[in-house]
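We just call them A, B and C in the order they show up, numbering each chain from 1.
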């Protein structure tokens, strides 16, 4: 059995956005008891991560780490068509995930207690982002 | 057909632990001839990697690289509740994998000759880690 | 339904190679209308990425970023059996992807407009690389 759900996520610029609940709803709607939900983001300047969901400082620190590792306006970069955050957004996406497969058991995502699924917007300005969740199971 | 297997991995602190054989056993028990095994780790301070399995120096060098890239006790980090290795463990997990989908052919994982699947413990102290393997196939 | 296709990719050394069309052909041959294509590379010194496919400077900049982040000949590395690019190739592979699951809708990969799938050769010399595409769907 294959079931698909599409999510539209409005970001307010760079940062992490919790989409765990939205993905859970797609899984519930699928009726699958066991299987895998493959989460896909349709972009190359925003990405997906599984991250600790209890202390917001974890995501703040992740952002600080990435800002230091891949600095906006780095003179190394030639591709600056859309601004100083353009190429860093592509690099950050390549270093994280475009696709994540999450198991389903007893009709639910088997996320650990402290695991959340986040869309990470890497551009500094607000964007409309598309995510597709594909459930394969029985 | 969907088949699930759960692994419990006792780590002795930071380092890589070969779980290839355990995952192979779940695949064999599933009876699937063709399909995909999705391997999932239930944590945000330990992760999964596919890595060269011949020379242990490769994993030693990976560890050295990560220790330099994401230093323990970095003053950049605010989230230090569980110690100097707490936030670096989350960053290392985000830069590697929480989920890996491996193809199955003729009833076996199609890992290349030099490919091994490792659980990477990023905390310095010993932990109990959970991994779920979901086989979807026929 | 499970369908498999194998790709052989001849690289001319370090750089990115667009394999989107080859993967699309496997999906078309599968006859699947809905599902997921799991793309797997059988190596630990070459990897897979989803990347912007319009401006070649994006891949040039990615290469420049990785060359700075994981320098060839870094004295940190002990594993140098095959040369100065040997261990950096393993690190680059771990920081990117060995496996990517891409959704299929209406018989086609649902890649965003600017998304391409690339094999990233991390060794400086030419190599023969193997990729397996597994389609699960209906």
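In the analysis below, a residue touches a chain if its C-beta (ideal position, glycine included) is under 8 Å from a C-beta of that chain, and two chains touch if they have at least 3 such contacts.
For clarity, every value in this text was computed on a predicted model and none was experimentally measured.
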(message) Under the over-half criterion for shared residue numbers, do copies chain A and chain B use the same patch or different patches to meet?
(response) different
(request) State the superposition rotation angle between the two copies chain A and chain C, fitting on C-alpha atoms only and giving a multiple of 5 degrees from 0 to 180. (result) 120
(request) List the centre-to-centre spacing of chain A and chain B in whole Å, with centres computed as mean CA coordinates. (result) 20
(request) Check each residue of chain C and list the ones that touch at least two other chains. (result) 69, 95, 97, 101, 136
(request) Would you mind writing out the residues of chain A in touch with chain C in their complex? (result) 1-2, 4, 38, 40, 42-45, 69-70, 76-79, 81, 87, 90-91, 93-95, 97-99, 101, 130, 132, 134, 136
(message) Show me the residue ranges of chain C that touch chain A in the complex, using the header's touch definition.
(response) 34-36, 49-52, 55, 57-58, 60-62, 64-65, 68-69, 95-97, 100-105, 110-112, 114-115, 136-138
